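Order of writing sets the labels: A, B, C, D, E, F, G and H. Residues in every chain begin at 1.
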Amino acid sequence: MSKPVFHRPKYLKDAPFHYCPGCGHSIIHRLIAEVIEELGIGEITIGVPPAGCAVLAYDYFDVDMGEAAHGRGCAVATGIKRILPDRIVFSYQGDGDIAAIGTAETIHAANRGENITVIFVNNSCYGMTGGQMAPTTVLGQKTTTTPGGRTAPLHGTPIDLSQMIALARGSVYIERTSVHSVRHILKTKKALMKAFTAQMNGRGFSLVEILSPCPTNWKLTPVEACDHIEKEITKTFPLKVIKDEIDADRQGPP
Amino acid sequence: MSKPVFHRPKYLKDAPFHYCPGCGHSIIHRLIAEVIEELGIGEITIGVPPAGCAVLAYDYFDVDMGEAAHGRGCAVATGIKRILPDRIVFSYQGDGDIAAIGTAETIHAANRGENITVIFVNNSCYGMTGGQMAPTTVLGQKTTTTPGGRTAPLHGTPIDLSQMIALARGSVYIERTSVHSVRHILKTKKALMKAFTAQMNGRGFSLVEILSPCPTNWKLTPVEACDHIEKEITKTFPLKVIKDEIDADRQGPP
Amino acid sequence: MARSRNSTSTRRGHILIERDTCKACGLCISVCPQQVIGFSDTLNEKGYYPAEFLDQVDADTLNHCTGCAFCAIICPDVAIEVYRD
Amino acid sequence: MARSRNSTSTRRGHILIERDTCKACGLCISVCPQQVIGFSDTLNEKGYYPAEFLDQVDADTLNHCTGCAFCAIICPDVAIEVYRD
Amino acid sequence: MTDKVLMRGTHVIAESAIRSGCRFYAGYPITPQNELPEYMAEAMMAIDNATFIQAESEIAAVNMVLGASMAGARAMTSSSSPGISLKQEGISFLAAQELPAVIVNCMRGGPGLGNIAPSQGDYFQATRGGGHGDYRSIVLAPATGQELADFTARAFDLADRYRSPVVLLIDGMMGQMMEPVVPPEFMDEADIPYRNWILDGARGRPSRIIKSLILDPAKEEEHNWKLYRKYENITKELQITEAYQIDDARLVVMAYGTAARIAKGAIKRVREIGLKVGLLRPLTLWPFPARAVEDASRFVKEFLVFEMNTGQMVEDVRLALKHRSEVHFYGRPGGVVSTPDEIAKVITSLYYRLHLEEEQ
Amino acid sequence: MTDKVLMRGTHVIAESAIRSGCRFYAGYPITPQNELPEYMAEAMMAIDNATFIQAESEIAAVNMVLGASMAGARAMTSSSSPGISLKQEGISFLAAQELPAVIVNCMRGGPGLGNIAPSQGDYFQATRGGGHGDYRSIVLAPATGQELADFTARAFDLADRYRSPVVLLIDGMMGQMMEPVVPPEFMDEADIPYRNWILDGARGRPSRIIKSLILDPAKEEEHNWKLYRKYENITKELQITEAYQIDDARLVVMAYGTAARIAKGAIKRVREIGLKVGLLRPLTLWPFPARAVEDASRFVKEFLVFEMNTGQMVEDVRLALKHRSEVHFYGRPGGVVSTPDEIAKVITSLYYRLHLEEEQ
Amino acid sequence: MKKTIFAGFGGQGVLMMGYVFAVAAMRDGLEVTYLPSYGAEMRGGTANCTVVVSDEEIFSPVASSPDYAVIMNKPSLLRYENLMKQGGVMFLNSSVIDRTPVRDDLHNVPIPANDIARKLGLDRVTNMIMLGAFVAKTRLTSLESIMNGLQESVKGKSETVMKLNRKALDRGADYVLKGTPP
Amino acid sequence: MKKTIFAGFGGQGVLMMGYVFAVAAMRDGLEVTYLPSYGAEMRGGTANCTVVVSDEEIFSPVASSPDYAVIMNKPSLLRYENLMKQGGVMFLNSSVIDRTPVRDDLHNVPIPANDIARKLGLDRVTNMIMLGAFVAKTRLTSLESIMNGLQESVKGKSETVMKLNRKALDRGADYVLKGTPP
């Protein structure tokens, strides 16, 4: 008798994704839904989708979802969480959303130690608007606003927001993972588990940065895009636990 | 015959400061004016004052000055500098201005490596608006919006923006100094010299964070305020060169 | 369970691919350690040539599905269900 | 140069304080190694009791100004000029 | 009488908000409204489940309020002119997502950094929507301490009733001035009407979405007309004015807020010398009380609009009057506060000019 | 003919800006105007001393433009509705500091996140000042590819002439559509008028200050009236309209931008069946061409305003008409683009209703 | 005034078809507007553009009741059939469209474009085959103008590629004019 | 309707004076407005507030032509003298104001408040001395009301402090009524 070992998670609505073939957003959505299911928090979770390719995230997650303006996910999540401290609140943000226009909101939510979880999908470009340079675009990468490839003198260098957020004393858990291979997908899920659990335990601000393929704007096939993450993007954005103070005593001054 | 060993610097207009007795802004103004004079850049310098107690800085500096909206000093300075790359452009910003509302503009100007100099006056409160908590307010400090003293769980912890900016790859020189004693004032001047010189040599983004007494809002005498910096504030904001890559080779990827 | 004639090992699992959900990204194919997934040669409803499980009960594949679920884990469109036999 | 009668060392410098610019913050007083600055006991134009140089040519101070300029360096209101004699 | 307290305008708003069930405040310092967040900082600390956040910016503040509102709280933010400009995107989102919220604008002189003196330069921004798209905010213009109290309470009710942002449009003087005030009753939180749309976790119900992205133009149009019908409804239901001595008036002054107080003083003076002048004061700026203006125009042929700006509400007066009466304008922008005497002079000279023949 | 090129609207603006001496562009991606920064990214790279910056936000972009303008550059930014809301504080500063700048708003359906379809929901914001304080921006509303070219060039001239922000108000369709265009001539940079107010270092002259903080209300008032007089001047000098078949018209349609194109198509159709209908199209939205409207009202008693929103410009038409003619409104908000046929039907039914007796 | 909608799948060269036609018409001295579909939200969806050519001012560039449609795949047929003007003509890529239109007031011109293209050895010229057929039948411009338009739009393309394109245009034209089998 | 302006240096308790007076008047059943100067830009500058009391609705809380002024230092005298209503009364802290007003249509009431306060052993009650004098002379409220107002505004002040304040009020009143020397 066959035993199902992989099924569609409960908190993903039965709707086909609008994402491009091979898009990392889809994988990340599924992982979040799995984590919500496994932690049993589907009925107390409120999500905040971004303006970005994942703008329609509320069409997929079967939990309460409230839309934020571009970049303001952390501010909106802060408002929700403060009113409903016993609910689980996450914001889902692209790299443009979080590391450009939302820089201040994100850093300060982390600094306040808001007890929320942020999923930061780094696909090193503005996917939704057609592939412009993001603050995270790696050097040399061609985008529609860096037609000759990003160069440091002309466009600045890729920003490592997660490291900055790690300096914010209210952040407790920050990890950078990727979804370009099975192994990394599993690691990402673990990181998400850890982040949501930290929130459930009232530890403070957690963030998982996830490197995510955007085959369309990278002009690569999905398989090539995954390869590109492995070989190129991780050079600029190495995968690692950036901060883990989940178990630290955080009562006194830092 | 008496030899003058200390005179009013050339690029300070002959106007009395409107600052409170013992305010650090005044000292910092003078130091900047001295540096401008000593570097001989008074006729090619353009300054950008903040919204903050130093909003009237243009009444004191005898160089071209263009006002920015609260927090946007680095964006305005970027615009000026890109048009006039051979001029010297500095922005002068309070801790609220730069580390709260201006977080994104500052980090991204640093990240782009804008060849400008930022003077970041950290008096651990919003001086101009009457002494509210700033992102830099130290734990325990009483302000009008932390009447019981700042506590981490309620108000978050003091933010160390300079450290974050040091992570931005386009920044070349970042130092935190203070003006609470003669020795530190002299060190601050050296730091300012270094920052402006870096700009003159086209090295990129430089920033000097200066701890500055605000006797009025700290409700201390000027002398006590200086003492308070020495004994308390420097615990949270230790004085040091945070980053010095002025002489680093910055052509290739970081 | 019937096994294909000339395979050396046995099939320990199998997968179901929702043909019309698949967007032919090829990631499942790239990660299947047994190389028992390929592209179909007919279009699906969306207009893609979807992935197709090759190790059907009566198929003639060299390797066999182990039910490792790698394919499902990486499938962006949650088009694959995996079963251990 | 005339020196005060019972001082042990000589005055090597002196300062001028712009009385009406001073805001009586007291910082110069706190940093003067020779303790030759004090507060005036009459109000200035602004309404402060400004700082005042005690080591005048004919004053009777224990220590003497060295012209070190500490006072001027810390004076927020640029109210002090320093001279080496 | 004895339960009156002498309170600063900003404090009146803060205290009244709390009594009206406001449990979330986020703001950013800006003169002349700093005492509002300061009061909240202290007061909210004493209340269970109440939140005060000094946000990192006005933008963060308005978006926190948006989040709190989604989660079912009565929520408020406040600022002054430049800070309110920064909130425009957020206000457009509040309107689009039909989220209740109260926004206080304690106007100062502008544009740009301007100054911190009382002004009415943001009338257009408040009433026409400084943000993008077809939307409106309800705009209330109290003019006394007691009205600040009452209208703050009312603002929360209106926000809930219409699921709409409500702007309390005051100026630096209203914010700083103290007057005797009876604060509103403490509201029983149970009396806040049940909201069947909030996001609090999909327990025992289908999951909910609050959003404003509507990609299909036909559906977005539908949403726009839905909002429009709501706005029409509000326009019908919520036009508030105060009329002062207009029954026999041959000239009606129109002014709101601080300007209206001054105008009233001026009218009192000119009445003393026999001039038949009245005041029609809008307390709702949007919806603009066009009905009352139209009614007045039946018997008054001359209107004088007095604003602390270069002429903004005067457009609404013109629109309401449909050219049935003459409209004159007197304005003092930039934070200048006229005196009743000054306005009395303006009124008198206008009055005599208009009615010369008859007065002789 | 042969020098015509088929160009996308956003590209036309970008290319025309460069030819008009624009040497600084800062912007942030937002649909439907992304091709404008993309074009700039490529084109500016090829020009000496030209800067393209993809800013970290719309706010940063407008403030960079403000800096570049202070430093003497012809500078531009562009965005679409929500992004333009975020720029309101900056625009108020530009106006207050009297700095020239060109701001393109490629409007989309809203409020809130809305959609990316063509819309005209930001008319109030553009013409009334979505920012704080008493200020105005010049607002231009081209409707064809060629006008995009011509008005972009003109926008820079006007910005310089009046030291004022100029808004090019278009919509997603105008931005995306390609039409044959003759781009403006390359401007000789020497022809840009000398500016004696810029900040470029006080060499051989007294140092300069550009600011908008004016703490003294009396002086701020003076500044406000100074701006006001400038606005009055602009209102006198800069009212641009296109009139189409209005000479014998008994009904005049008023519409701008894309709506005006559609209205024109509709009028052509109804003219074929003998209806005397004309079009009066404002090309300047602020200053609103009140004179032309008033002139038309001498002989036309019925106006139909058609906008891609729930009714905004219609207020300006009413104000200009001073109730001399009847004003009707037809609107389609939310990104719906009407067809000429649809508008022809609206016109026809209105026309017959109004002129029934005479037509019989 | 004639409105044509070109519609198909993302990678089928639909926008190029419309653009080349628009340039050609412009060079013929006609008024012309070209309006592409836009918006990143339509990930992996259809692409379409509307070209209006006219000898007088064009008011609406929008595809309300187009006179012609060049339809490259089935979803596009479903989407645009209903919009067509009465009596309009639809050019259908019959290689991939297995369904016939339901409206009986339209003229349908089926072209097995993919098959013809494959014969030419290059799938990528499918769009040029359709365009050739379209131009030959509608005579809104000439194949020469199209070639000029092509030259103008894809500067720097090799001689060989241009020749192949010309061939494709001709094949498309021949197919509809002479019924030359693929 | 009576307008009073209280003006002086930052630390002289000027705002307190006005506030206590306003509370007292309110408790007397009068209409009242209190408008402080505000704005952080006036660092180290003057402080002032305007109190209007009236038995009918108050229109403008602004100090246009005040009836009374309580002036604590010289800069304030310079600033407000010109604003005064004709025939107005100015209460001058003659301990620090060495100059006499120039306008001859005003009544001046000099009170050596600092001196009296120093006699009481507390510089900080200077303002209460001025307030006592002001109330005694203008009779806009009573000293009892002022005490109640004081109680209400500075809750939790010790008995001793309140007594000292009362004393200060009385001394001020006595000075202007009976000419009691400091």
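Just so we're on the same page, a contact is a pair of C-beta atoms (placed from the backbone, for glycine too) under 8 Å apart; a residue touches a chain by one contact, two chains touch by 3 or more.
A quick note: this is a predicted structure, and the numbers were derived from the prediction, not measured.
Q: Would you kindly count the fewest steps from chain D to chain G, each step being a jump to a chain that touches the current one?
A: Step count on the best path from chain D to chain G: 3.
Q: Could you tell me which chains make contact with chain A and chain D both?
A: Shared contacts of chain A and chain D: B.
Q: Report the inter-chain centroid distance for chain B and chain C in whole angstrom, where each centroid is the mean of the CA atoms.
A: The separation of the two C-alpha centroids amounts to 62 Å.
Q: Quick one: chain C and chain H, Cα centre-to-centre, how many Å?
A: Distance between chain centres: 90 Å.
Q: Using Cα averages as centroids, what's the distance between chain B and chain H in whole Å?
A: That pair's centroid distance is 42 Å.
Q: For chain A, jot down the residues that touch at least 2 other chains.
A: Where chain A meets two or more other chains at a single residue, that happens at 19-21, 23, 51, 55-56, 67, 69, 100-101, 103-104, 107-108, 112, 128-130, 135, 155.
Q: Touching two or more other chains, which residues of chain D qualify?
A: Answer for chain D, listing residues that touch two or more other chains: 23.
Q: If a residue has to touch 2 or more other chains to count, which residues of chain F qualify?
A: 31, 56-57, 59, 82, 89, 93, 97, 112-113, 116, 211-213, 215, 337
Q: How about chain G: which of its residues touch chain F in the complex?
A: Those residues of chain G that touch chain F are 19, 22-23, 26-27, 29, 31-36, 38-41, 57-62, 64-65.
Q: Using the touch definition up top, name the residues of chain F that touch chain G in the complex.
A: 1-2, 4, 6, 31-32, 116, 172-173, 176-180, 261-262, 264-266, 268, 337, 339-341
Q: Mind listing the chain B positions that touch chain E in their complex?
A: 51, 55, 67, 69-71, 96, 100-101, 103, 126, 128-130, 132-133, 135, 144-148, 154-155
Q: In the complex, go through chain C and note every residue touching chain G.
A: On the chain C side, the touching residues are 23, 46-47.
Q: Which of the residues in chain F come into contact with chain E in the complex?
A: 59, 81-82, 84-86, 88-89, 92-93, 95-97, 107, 109-117, 119, 121-122, 124-125, 128-135, 211-225, 227-228, 309-310, 312, 315, 318-319, 322-324, 332-337
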